[in-house]
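Two complexes, one shared chain (subunit A), two partners (subunit B, subunit C).
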Partner chain A sequence: MSGQTGERVIFAILGVPMLICMLIFSWILSLLLTGIGSVRWELLTVSALQGGMFEMIVGTIYLLLGATAIAGPVGILAAIYLVEYAPSRGLTRIIDQAINNLAGVPSIVIGLFGYTFFCRHLRLGVSLTAGWLTLALMMLPIIIRGSEEALRMVPASFKEAALALGATRWKAISSTTLPAAAPGVVTSVILGIARVAGETAAILFTSCVLITRGLPRSPLEPVMALSYNLFVKIVALGTPAQKVFGVALVLFMIVTSLSLSAILLRIHYRKGQPWLMIR
Partner chain B sequence: MVNDKIDIRNLNVWFRDNHVLKDVSFKIRENAVTAIMGPSGCGKTTLIRAINRMNDLIYGCRTSGDVYIDGHNIYDGNINVYELRRKVGMVFQKPNPFPKSIYENVAFGPRIHKVASGRELDEIVERSLREAALWDEVKDRLHDNAFNLSGGQQQRLCIARALAVKPEIILMDEPCSALDPAATAKIEALIRRLSKKYTVIVVTHNLQQAARISDFTAFLYMGKLIEYGDTKSVFENPHSELTEKYITGKFG
Partner chain C sequence: MNLESFLKSLHKLFMRLKSQPVEFILFFCASFSIVILLLMFLFVVKEGSLAFVRLGVQLIFGQRWETNSDLYGGFPLVYGSLMVVSGALVISVPLGICTSIFIAEVLPFQLRDPVKSIIELLASIPSVIYGFIGATFLAPLIASIFELHSGATALTASLILAIMVLPTIVGVSGETISAVPRDYKEAALALGASKWQIIRNVVLPFSKSGMLASVMLGFGRAIGETVAVLMVAGNVAMVPTPPWNYLAPVYPVTAVIAMQMGEAAVGSLEYSALFGLGSILFIITFVVNTIADVIVRRGPVTRGVQL
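Moving on to the complex of A and B:
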């Protein structure tokens, strides 16, 4: 009898936080649903000079694409090095720890670093390029850690079999370990993108302005972004929140769809890779 | 004409401070089955991994001494280790097919060595699968995932994969330890057949298996080669008391 009571108590303790989360989530959802009707979708393609969001959306996408193009290859190659080539375990552990710390650095600090180093020291100014590099810094730890994990999940026996057939180390890795780790690696890249998609602080001083005349014509020009626009309108210009709701919603949808595509991609890749199920 | 294919001289292997193989010297006969037996941890696996230099890949491993294959010292500085591993195939303890189709598993070796493509590659795949006694079971589903095969079939696939690059020597590291008796019997029969064409070295801790399938037997104990000779004489009148104790089941 007392065992049953204990079980009920535990159930309540575990269930209540869950219930709270559900309530908050459904409140956000209802807010979104009521808001969607009042958003003027035609503004998506109208220039900001006419009160639209076009440059902000494209600017956000530019920032994400560029940062991914930098952080993706660098992060994946670094992970391959750390897992497959790094000479000593001790060194790898120190680097891993440093990467963990990098992941925990607040984005405003990274933004400040980006400003002093990329904008001032490297003389890139407030530009797309400076934003790319700063965002890439934020993505790197996520991509490296995620890819490392994915590479370590692949049974060593695949690589061993390839090596025993006379494959070079790179051939063995690229033809057995990498394809098997691909789903996890891709997921880590998308998680990296999702991490910075809504980022404001990192691009605050490094690459954004409130308004531009059209899209940036070169990577050394500043850019508009949804998150920055929200921040400035509310904090500096004191715009009422409901006026920028459309911008917030579009940003929310971009971030959510990125996370969702990461999940879908992982599900897709996991099919036909039974050893992932075994683990 | 009987030839020695491999000549191992004063082979020593250390893993960091652990002296795993101690001054092992013996010659391995061409086109015969040589069994290497001994209790767990005696260095059997390390010994065969010294023959295709897979030990090199282990961090902290150091090797001294020489291993001659056809008169060439494979520990010479100028040896091409990838070519060596093509010549010396290996089958592992647990079947480890690639997560690819049956066909792609066998074609992997010829592909990376760029020796064949198209029709020629198809022929190599078929020949290798036939040689590994697997062709009849898989010929209608070559493009199925290799993971769908049974354990014994997977192991024969791994043998076919090793055969596809036309090795001269095949190293087998307890190839039956993860298999049931029926699958084991098939692999054992296969090993006997393969020895007509290849030099086969089988690590086993199963004494009956060593007696059944091998022409020569080496007995390792704590990193030292205790006894080596033709299987019949090793089992029927061993020189060393240690060997006798081992084969009569007094330890191990």
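Moving on to the complex of A and C:
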């Protein structure tokens, strides 16, 4: 009996850290929620020139759409190659390693690279395009990893059935494996978007300005973004927290709803497709 | 794998790709990551080369970082980074590893997914938001507890950073714990082992390497974290006195890069020094991630685990 009590004590001690994690989350949530009352929601649609955040929200969406348009296709195709085609183990391992390393590059270094390579070497300047490319680099590993996992979970028999009917390899993959893996692939893309939606260090030098007149008219103009705005206002201008609470909250809600929808989607499709439960 | 056989397989690959346009496009996308990494290394190091030549080891070991007198000794910055990161890891490693064990082995099955989801949400909160919370809530709290003028200290940065790397550590070590083969646990159970005995004698030995990898990845994330740290670290480029004083402001490497890049004239020594620091950061994280990767690949049960 004493052994059991001892065990309970150990488990209780192990449980404390998890409770701390949960407490931290609820603390952050409660801090942000207390600010909800003081946020003036009409500012969402008011121009930044009048103290609103319309251009920042749209700017953030522009950045995310462009980066997704670049990293999405490249990432998904890369995942298909790695899962379905990659012939030699050696090469696949090197690519795998490179993807892991790319995922681990600090965002500030990606920002430095984006500045020298996209802004200066490719002469894009501080622009929306440079921001798209830089953010795409950050999304890429997440999309590849997630899509790879989704593709691997589809039973080979799906593809084999199509091959047996005479389909070419690509036809077999694109008409059986890919549709079956689609929810997982979409989840990985959403997670990629969530990862960069609040990114600041990478767009700090590459695509943002604190204030300009209106939205960018061409992809070669800089944009305003929520994360950048929040950062500069607190760090450089020392704006009191009350005034930037709205920006912080909107950004938090965008990012959290993106990742929450990815998580729910994943739980949902794992239930809906029984073969995915067997790993 | 030796170089010759590698080249041979590369040659074979190219012969195949020539006849398969679809495969060629896919291969191009997959090798993109390698190309980007190489370009990144080349360009960041190239911009830092002036500083490497003119400053040499002073860039890391020089004692004074004063932009006004054109002095770029990175030691206070490197020290600040190490201080903040080690503070963060001291807090987050025990917390994270205990949490991952608890979730995987003790927590009732129905609660696992919700708790994991919450931790995943914690991971997705952007660093500006963490910085915002740190600057507006945590820093004043620290200031009032320790009766300081300003709560922007190494301790504040460590705490915020600890929260930020916690999900990484919980996630990766959790993955490796769930990769422990069921047969082993069941065998121990059949021998009459209690739950704790199974954890200690089966789960822990098997997932040790994965836990080590999770700590390395946590280190990599922490040392590269920029915005949140910058907003709460106080940003004074001096080694605190005494050097273990966590209640003094520090100026971590990443924060310096983010703050001074805007003002540094392109091609100046300052500009180059910032890129020099950036390339050191790049190399450190590259090495740390590679080691974590190797640990996971060599681990007993973690071979299939994705980081």
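One rule holds for everything that comes next: the second predicted complex is superposed on the first by the 273 of 279 C-alpha atoms of A that agree within 3 Å, B and C clash if a C-alpha of one lies under 4 Å from a C-alpha of the other, contacts with A are read in each partner's own complex, and residues count from 1 in each chain.
The rule we apply is simple: a residue touches a chain if its C-beta (ideal position, glycine included) is under 8 Å from a C-beta of that chain, and two chains touch if they have at least 3 such contacts.
Keep in mind that what you see is a predicted model, and the values were worked out from it rather than measured.
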Partner chain in contact with A:L165 - subunit B first, subunit C second, else both or neither: first
Partner chain(s) touched by A:C208 [first = subunit B, second = subunit C, both, neither]: neither
Winner by number of subunit A residues touched, once subunit B and subunit C are compared: C
Subunit B versus subunit C as contact partner of A:S157, first or second or both or neither: first
Partner chain(s) touched by A:V74 [first = subunit B, second = subunit C, both, neither]: second
Which of subunit B and subunit C A:L124 touches, first, second, both or neither: neither
Subunit B versus subunit C as contact partner of A:A180, first or second or both or neither: first
Contacts on subunit A seen with subunit B and repeated with subunit C across the two complexes: 87-88
Subunit A - residues contacting subunit C, complex: 3-4, 6-7, 10-11, 13-18, 20-22, 24-25, 28, 31-32, 73-75, 77-78, 80-82, 85-88, 90-91, 94-95, 97-113, 115-117, 120-121, 137, 140-141, 144-145, 148-149, 169-170, 191, 194-195, 197-201, 204-205, 227, 230-231, 234-235, 241, 244, 248, 251-252, 255-256, 258-260, 263, 267
Touching residues on subunit C, where the partner in the complex is subunit A: 1, 5-6, 9-10, 12-13, 16, 22-23, 25-27, 29-34, 36-37, 39-40, 43-44, 46-47, 94-96, 98-99, 101-103, 106-107, 113, 115, 117-122, 124-129, 131-133, 135-137, 163, 166, 170, 194-196, 217, 220-221, 223-227, 230-231, 254, 257-259, 261-262, 266, 274-275, 278, 281-282, 285-286, 288-290, 293, 306-307
Subunit A residues touching subunit B - in the complex, by the definition given at the top: 87-89, 155, 157-158, 160-168, 171, 175-176, 179-180, 272-275
Complex contact set, residues of subunit B against subunit A: 52, 54, 57, 59, 82-86, 89-90, 92, 94, 96-99, 108-109, 112-113, 145, 147, 158, 161-162, 165
